[in-house]
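The same subunit A turns up in both complexes below, where it pairs with subunit B and then with subunit C.
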Partner chain A sequence: MNSQRLRGLIRKEFLQILRDPSAIAIAFVMPVFLLLLFGYGVSLDSKHVNIAVVVDQPTPETSSFLGSLQQSPYFIPIQYPSIRIARQAVMSHHVDGIIWLRSDFSRNLLQKKLAPVGLIVNGVDANNARILEGYLQGVWQNWMNQRALDSGSPLLVPLQGQIRIWFNPALRSQDYLVPGLIAIIMTLIGALLTALVVAREWERGTMEALMASPVTMGEILVGKLVPYFIMGMGGMLLSVAMALFLFKVPLVGSFWVLLLFSTLFLLAALGMGLLISSVARNQFVAGQIAIIVTFLPAFIFDIRSTPLPIQVITHLFAARYFVASLQTLFLAGDIWPILLWNGLALIIMALFFLGVTWRRSHKRLD
Partner chain B sequence: MLTRIWALVIKEFLALLQDKKSRFVLIVPPLIQLIVFGYAATFDLNHIPYAIYNEDSGFASRELLGHFQGSPDFQQVAVIEKEGQIAPLVNDQKALLVLHIGPRFTSDLLLHHPSPVQVIIDGRNSNTANLVLNDVNSIFLSFDTIWAADHNWGGFPVQLAITSWFNPNLLSRWFIVPGIIALLTLVITLLVTGLSVAREREQGTFDQLLVTPMTPVEILIGKAIPGMVIGFLEGGFIALVAVLWFHVPFMGSLSALILGLFLFLLAAIGVGLMISSLALTQQQGLLGVFLFLVPAIILSGFATPIANMPELVQDLTYANPMRYFLIIVRGVFLEGDGVSLLWPQYWPLILIALVSMISASWLFRHRI
Partner chain C sequence: MVESPLQFLDVAKKFKRSKGEVQALQRLSFHLAYGRIIGLLGPDGAGKSTLMRMAAGLLLPDSGQVLVFGIDTCSPDNRIQSQIGFMPQRFGLYEDLTVQENLDLYSDLQGLNKEESQKRQQELLALTALDPFSKRYARALSGGMKQKLGLACALLRSPRLLLLDEPTVGVDPIARRELWEIIKALKEEGTTILISTAYFDEVERCDEVILLHEGQLLGQKTPGEFLSPLSNHTYLVNRKDSSRRQLQEELRFRQGVIDARIFTEGVRVLCMDLQIHPASGENWVPVPPTFEDAFVSLLGQKNVLADSPELPTHILPRHEINPEVVIEVNELKHFFGTFEAVKGVSFQVRKGQIFGLLGANGAGKTTTFRMLCGLLPASAGILRVAGVDMRRASTSARALMGYVSQKFSLYGNLSCNQNLSFFSAAYGLKGKDGRQRIDCALQEFQLSDYRDVNTDDLPLGIKQRLALACALLHDPLILFLDEPTSGVDPLARREFWQRVNGLAEGGVTILITTHFMDEAEYCDKLVLMSRGEVLAQGSPVEIRSKARNDVCSQPSMEDAFIYLIQEHEAVLRRFS
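Entry: the complex of A and B
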């Protein structure tokens, strides 16, 4: 490897980047665009959910229940005169569920019999329905406690769950989603930068010119890798800065470990992009975009919920290890038992992709 | 006129199917996606790994733990003997949940004192943590109810009776799989139509097309039909797989779904042709399709509810055809909707289709 030739190649690549804005757009504009879009657009925190309330027979008890419902930040209760009309409101998606206090609610309550509160949720969005049920259970328990306190005899419940949620006490979905998002964005950048840019070299015929020169294939690869690595790290730092300062995701682990893992992952992602583009040149760019785009929503789901065969398959993707390390680094800290394994996997993947690309690259025009 | 359009349609199909790249795009990603999303896209937790730190030797704690051991949603992975073992288990993600029962649990309960149980949940995945929290709460509730009844605590004054309509077991697969119909038909139609004009521009054949006797409307129709045919084939195929393979119930009317798919495809084709006639090269067309698809998928309600987005973003989603079609598909599959209930979703699709197609045919002539 001749350092002078290499310097020349890197210089050429940088000039090309500076003169053609598409690489800069991919490395810096795309992460900002995607982070803003996902950071603000994707949230699993339901708040202010419209919910229909049907009270068959209004009494002081029913209005006290409605009062506590109104105080909950999660619900906006809307009164409907009958269950039939409320049902129509569910069908037309004006409300996500119905709370039904039947005519015997107050009578049973006063006679110390079991008074049922009916909750009907629209279960189409199963995840959201589950979360709503949890919120309503909270409202209901608060109301019973308050009622018992008001009547002078606090409610005696055998179990008192003291719940501690580690790493994300407020259960903000952004704290969970944004680190995963950074990994997805970095995958996109790594793949697009190299795939589009190396493919372009073939399309324009400048790759032939390079081959006619004394540079070796290894030098061409390193010459491509270094500039795009620097660009990719720039995009990474930008994303981390946005996560910390715009979305206020805490970084509990150390910044240097984060940098180390980003380096490893970016090498793997760039290596994969180089491999794809050296194998397929331009043919698969469209297919790649199709696959990437359609899999974008996948990062929301928890791998642990998926069937075993799919969990096994995910081990083949570098992003899996990076997502796991980022979530731990951001929210939980430098937990080495987790980081070591994921780091090792990333090193193996980076070596694999770069090594295979190296071996497959020949100075040939087929 | 019909023969002219017919000739263009045949030419479009040949251009699509002869190219290896576009054949690949049409067949491989949708299949992988359908399989992976059908199986993997789920929020439902079945085996929550949990650890027990039980300092109580009485029967009450055994009874409580029995509730967890008997539940198919929980899977015991460790028994802890001292405080210091909790953190490593949670940190290393071996256990999602740790239950810590104090030494006086049984005696407290027998004395009619409420007794605390410490619950530690790994919050790294906020959604999973939320679901675990709900599951723990409902187990606590059922323990409370049984214990209160058996030991004269005077039960709860009010009972919460929860039913869920349309998806009684709250399976997320029923929610996600119909959504895939919308997702995949949008991606495919946009890729097919988004490149069609751009490809001709790049190769210079679009100028030739413009000097033939074909009017812009005829070109538009000729370019739209292949997208429509492919969209219908893929959409119908996924719908069949959803019903026959994934056993998602189909409650509503077939004609409501077909009408919805037709209007949705019209809107998607319009957007695709608009992007395509703006682009000068295929590369630009592809980039345009990408820039439209990403927000369209994320801001559609496919995986996360539109209602959770900020107001401004929610307003943006009104321009997104996928938003309407997702409501149609899920309404027809799960809620049993017919045509009449879905008008509020149909007309915005018609509007999007009209606006985008008119601007596309205008752009044909005015951007050369």
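Entry: the complex of A and C
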């Protein structure tokens, strides 16, 4: 490695980055955009859901139950005079479900200590419907407990669930999504950007001129790795800062471990980008491959819920290990038994991609 | 013994293609002598670029040896690369870097220290006259300036061997002349220069010429040695009562004539032997042979169109159009923002004329062209094509036009046949009629062999033929050709011009831009543009006579071009 040649190449790369708005956009605008979009736009939680309430016969018990509904952060109850009108409201999407307290609600409650509550949910969004159902049961349970306490007599429930939610006690899906997003952003910067810029050198014929100079292939590769490594880490730090300060995702683990894992992952992603572009010497094809490879590893959904063949395939993508590490680091802490394996996988992938690229690239045009 | 700068010993090279293999070079052996300018000439696909890349160590031979200053290019050693300068066909510049930054990058890559590099960069900027543009982005340079910058980058370390791969493609005559001044200066410093080119006049400036054909060496001699066997074989023929084109057609098929091409006031003829073959009314004057004659006699003995002497006129029924003036342009202007790219241009084109638009890079030729085709709106002036006002109803006129753009605009990953089908559909030719025309085109343009080959894999000359075929599918009245021969080899160019001449005879009006001054001779009428203005118009003879002065009594078209443009620029400078 000749430091002067390397310096020249790196300086050239930075000048090109600075003058190419699309590179800046991929590295800095896209992370912000994706984080805002997924952080605010895509939420798997249901909050402030409009729900119709139909009370056939108002009693003190019904108004007490309504009161506790109103206090729940999950629902905005809207009273409808009859079930027929409430049904229309569901049809027209004004509300997502109906809570129907029939005329015998109070009587059943007082006599049998148990009263059926009618719940009709719009099941088009199945996930949302299930969540609503769960929330309503929670509200019901709370209200019954409260009543039992108020009346002094213990509630006669044969089995009482005591639920603890670990690692994400508030059940905020952002806490789970945002770390996954960081992995996607870094793959995009690492793989997409490098794949594009190397392919561009081939396309514009500059690679030919570079190769005819005394520069070595190793210098060309390192000259590409260093600038995009810096860009990728910049994008990563930006994303982490947004995660911590904007979305208030807790970072339970250590920042330095996070940095270490990001470095490993970025090297693997850059290696992949370089490899893609050495196979496809055409920006369009290189971009296509990079995007497919980036989005294959699912980051939103649990991999275990996918079909077996897909689960096997995900093992080939560095992003899988990085997503797992990130979610562990952010939500659970430095859990070494998990991190160690994922870290090892990342090291192997980084070595593999960089090694293959190194071996494949020789200073020849064919 | 001093090592030769470049030695090929029994070199062979094959390339794998989608269909089979291509033998790029076979059993090629030669060596270069020190301090000379060696021209590399050959038709498309002869292996010129492969040879250049092998000399630069970018490709390795399948068998045989390539030695650069005695070092085998196979050895893992970058001593070779620090002794050579290589300028690839596309100059290898970073377009989003400035002139200065490009030079800095290559200085670093060549390992020049700061003082060395500053001194050398100053020298080179002065040599290439790029000094005032050092802060300009490479993408904003004209073709000629890019080429000079590419050359400067290759020259930073004063290479002992300089490899230039078609450096003058698409570059105007003034820039070419400047490049040759630089090359000559380098030779004085003792550099060995290998330059591949498609221009015969450039070949004649070389000390030695390597002629390559289908990967084999046809000869390595001085230009004089190539020419001497042809002395007294070449004549300039005149006949009073017929046009040059008619005369050329007659002479091409005359017994004993190898080649006939339009040149200045007459037709240049190359004969097989020392006999002349005049017919009545013809005046034969002996002229000295040129390299083009040598090239044709060595490579082109088989007349490219001999198999189909009937030119492809029958797919084009003769147009009986009424207005004799097909294109009328008056005070035509175009502004890009506040920049006036075309400043009040006026000319007329008659039916069946071949009308040439000449000018340096950036003279406004392409802008004028695009306005004529209705691709750019005119900012002011009158513009009528086939009687249609292009400023009002350009769409209806467009059906009458065929257009071949600089880069041919073919779909690279479609086959010949698919490209033709696409263009026929785009022109609204349907069903049996469309199919018939495509079949005709495949036959007339001798494309049947390439029918299913992807356009990307075709040699440039064939691509050009296909582009022409596509533009002619719908029987246009007017054909626009924007630098159609740039980068195309000499044989393909000759063939192209035979077709164009045939079309003109068939009544098609042809507008063409070119950087080849010998091609300007083929035109009936020329317009010479510079900086958006028309400097001169008239027949080639009239244009040349404008440059006649005491220094130059018989100016060539290139002399006239350079003289008129420099004159104009001097006037501009005086006024500014």
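Here is the rule we use: the second predicted complex is superposed on the first by the 334 of 366 C-alpha atoms of A that agree within 3 Å, B and C clash if a C-alpha of one lies under 4 Å from a C-alpha of the other, contacts with A are read in each partner's own complex, and residues count from 1 in each chain.
Simple rule for what comes next: a contact is a pair of C-beta atoms (placed from the backbone, for glycine too) under 8 Å apart; a residue touches a chain by one contact, two chains touch by 3 or more.
Not measured: the values here are computed from a predicted model.
Participant: Going by the contact rule stated at the top, is it subunit B or subunit C that touches a larger number of residues on subunit A?
Facilitator: Here the partner covering more residues of subunit A is B.
Participant: Touch check for A:P60: first (subunit B), second (subunit C), both, or neither?
Facilitator: Once the two structures are laid over each other on A, A:P60 reaches no partner at all.
Participant: So in the superposed three-chain picture, is A:F38 touching just subunit B, just subunit C, both, or none of them (first/second/both/neither)?
Facilitator: After superposing on A, A:F38 lies in contact with subunit B but is clear of subunit C.
Participant: By the touch definition at the top of the document, which applies to A:G123: first (subunit B), second (subunit C), both, or neither?
Facilitator: first
Participant: Classify the contacts of A:P73 with the two partner chains as first (subunit B alone), second (subunit C alone), both, or neither.
Facilitator: Touch status of A:P73: no partner.
Participant: Enumerate the contact residues on subunit B facing subunit A in the complex.
Facilitator: Residues 20-22, 24-25, 28-29, 32-33, 36-37, 39-46, 64, 88, 90-93, 96, 109, 112, 114-131, 133-134, 136-138, 140-141, 143-144, 147-148, 153-168, 170-172, 174-175, 183-184, 187, 191, 195, 283, 286, 289-290, 293-295, 297-299, 302-305, 307-310, 313, 327, 330, 334-335, 337, 341, 344.
Participant: Which of the residues in subunit A end up touching subunit B in this complex?
Facilitator: Listed in rising order, the residues are 34, 37-38, 40-49, 90-93, 96, 109, 112, 114-131, 133-134, 136-137, 140, 143-144, 147-148, 155-169, 171-173, 175-176, 196, 283-287, 289-291, 293-298, 300-302, 304-307, 309-310, 327-328, 331-332, 335, 337-338.
Participant: In the complex formed with subunit A, which residues of subunit C make contact?
Facilitator: 15, 53, 56-60, 78, 81-82, 84, 86-97, 101, 104-111, 150, 153-154, 163
Participant: Touching residues of subunit A toward subunit C in the complex: what are they?
Facilitator: Of all residues in subunit A, those touching subunit C are 2, 4-5, 7-9, 11-12, 15-16, 19-20, 204-206, 208-216, 363-366.
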